[in-house]
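A single structure is presented below for examination.
Chains here go by letter, A, B and C, matching the order in which they are written, and residues are numbered from 1 within each.
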């Protein structure tokens, strides 16, 4: 059970309601009227909880679990302990997500602007939006309805934010236009100058950064992530993108829809990424590249050439995954042969 | 045109003035009296704008551009569309930078200390310096003239900052001496304790960090970058260094003049870097190394040995670039041969 | 001598006291009554200072040093200049740390809650704890005794902090329980939502993150580091862990006791790390792994498989160190042979 110090759980749901919320069907013998009081991990769930099995690695935990109910793919149902009620679904993790949302709905913004926030009189703030203590909001800022602006966020002049957004503690926003239902985690920095200077015999000359950051609807931006504004064109984060913590996105980068960018990735200036591309943790992309729709870039990969749509690349510098692994195997064989030739020490 | 919501453009310049500001010469047939109203990227520039061509990758965009004027190297002038007025220069990007600065000059600090800032009475703040709401300035801090201290920055006791500096939102500064014309982007952390502890049979013993961070003139430090103070010696950032976002610089590191440190680089304690060295994104350097003047370190490179002046190294662990690429090619050949030997599946 | 602008030094100690504090013994001829006034690096130490030699790289500096006294291992004593008083110890760096702590004790918290902090009336703050200007403390927060909460930290509802902790400027804490003697450096983010969403045909579904961050006693957490709260289980940082700057720790990660995590490491969700494991800078670990006690993970290593207790792994993807270096050597030989076969150009 989630710590009541931090979370409050909704009233119980019947197993029938649970199946409906999660989009699954009850397994054989499951009683639709049975009450479910909470969600919980397999290891700690008890008789009143519903859990889920999504990763085959956790089948033993599933088999040993005391959860009263569990979300599971039909093919794995037979591994359940006998007393467990099953809710069958092809997407147990998604079903779990929906059910957990029902048990733990997002808090509703208070709609109160804390008197200790500093709000420029020319800023417009929508109905239902909560602005916490210590927030600093500049001239001509526009914030939509039902947003939460957490403590000590800074929103610079002219920034526009849509409805139902969350701006975390210590976030700083400048030169950006933010869509609806966007969540920005603590300490993220959007819209500062890009890393733009001209190298010449006389040293470095600063290049004014005259673009913006445009963030589409339903985007999440992780803690302490930095997104520089465009140099002339804009930096664009397409709708539905999920960006993790400590990511760096350079000026003029364009992410398509629904990209997943795992922690500590760096994307250099002017690189364009298609829709639904995935970038594993700590991957790095140099500038001015084109990455196709649905491309998959491995963790720690170093991308120095364009990547075609749907391609999977790994390594630094990156290669198509097949080729990369072939090279690794060849090298391993040679090292083994070399070792065999050595006299024993 | 830059979004007037965020930027305001200066009055037009004549093409003759533009050429003078950028340090170029007018191409054949260009009218020096013609008015230029703005800068713009090749793709979106119109008849009143000046653009630039700096990367051969964008020659097609140059040829197709509707920009009324363009900065270009003489050798590429023939690729221009017929109606475009040219300004010829060996350094088009630098010329663009200077012209863009003329159209979009930096805002002048207001010289006002916001009454909602918390400024210790013993702090000294120079004429013309602007201190935003929510800033916290400790005892004995000295700030020069015409600086901008953005909202919610924290400047700890004794910190000294020169003239014409910008300290971004949410920056925290302690134990540091900052030169003139330094720009520190939002969320950067300077002067906290280095990662200093002694390992021993009895566990870890904290080592007091008794040095400072010394930042030279004309340095830029990126968003959410961290620079630890020295352990006894100082951490030193030489004049003119350009440091990108999310960079980690350990205690006692010494960067020479004009180094370029791209995003997410990490430099471990006590490493010395010469003048004008360049470090690509996500490169990592272990501690106690010596990196020569003008060394070039590739993106994601892992530096575990000294690098000579002027040397280019890539890979992890890094090798001289020639050697590294030779090894890659050899491995690729072997993998291909190996594949050819395989029976088809 | 540490800059008196930032540090104040305690009264002198006799060399006898110094040896006792550092746990060493006086070398032949050293006068126990001699006064030592400060600590200093070998290069800049003078007659009144004590320095230390810990890294063989600095033997020349030791031999050339003007330090009046020095901590050194017995085996290196003969390299000392003739006039230097020696304090012999097997652990000179630890001894230095203890002596430096004596000369520069941590400042004692003032015990004052700044009236410009925003403290919810339901929060409980222990005796002797200092709360700086601009701090925002939410409902039901509990903070122990003798803590320092630096300017503009944000502590969200329900967070619990033990005694003798330091929370740096601009830190944000939510959904976490913090032990005693924990130091959190500026800009660190603890307890925000993990990167949790279910991928499905219909896009991404947010998974509520219902766990906490539990931080053991004597932990240090670096500047701008991010630690996400658990998704259901907790994220756990064991007692005595030392975490550097810009580290990312995902939801449900469990670090054992005394782990050392160098800057810019990323640890993905649900990975378990044993006691006293070490992770070099920029290493990355995928999720759901098990890393044994005392494992050593090289800088920039990419960990995609479990690592056994005591094992040393390097490379990306990582291999046991011996195997990794063998492969490197084999590849190097082949590239050299290949070069020898080439006709000269």
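Operating definition for what follows: contacts are C-beta pairs under 8 Å (C-beta built on N, C-alpha and C of every residue); 3 or more make two chains touch, one makes a residue touch a chain.
These figures come from a predicted structure and were not determined experimentally.
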Self-contact between copies chain A and chain B, residue sets same or different by half: different
Superposition rotation for chain A onto chain C, Cα-based, multiple of 5°: 120
Centre-to-centre distance between chain B and chain A (centres being mean Cα positions), rounded to whole Å: 27
Where chain A touches two or more other chains, by residue: 134, 152, 170, 187, 224, 246, 264, 282, 300, 316, 331, 334
List of chain C residues in touch with chain B within their complex: 2-3, 5-7, 39-41, 43-44, 55, 57, 91, 93-94, 96-98, 100-101, 103-104, 116, 132-134, 150-152, 168-170, 183, 185-187, 220, 222-224, 240, 242, 244-246, 258, 262-264, 281-282, 299-300, 316, 331-332, 334-335, 338-339
Chain A partner contacts - residues on chain C that touch it in the complex: 118, 134, 136, 140, 152, 154, 156-158, 160, 170, 172, 174-175, 187, 189, 192-193, 195-200, 202-208, 210-212, 224, 226, 228, 232-233, 246, 248, 250, 264, 266, 268, 282, 284, 286, 288, 300, 302, 304, 316-317, 323, 326-327, 330-331, 334
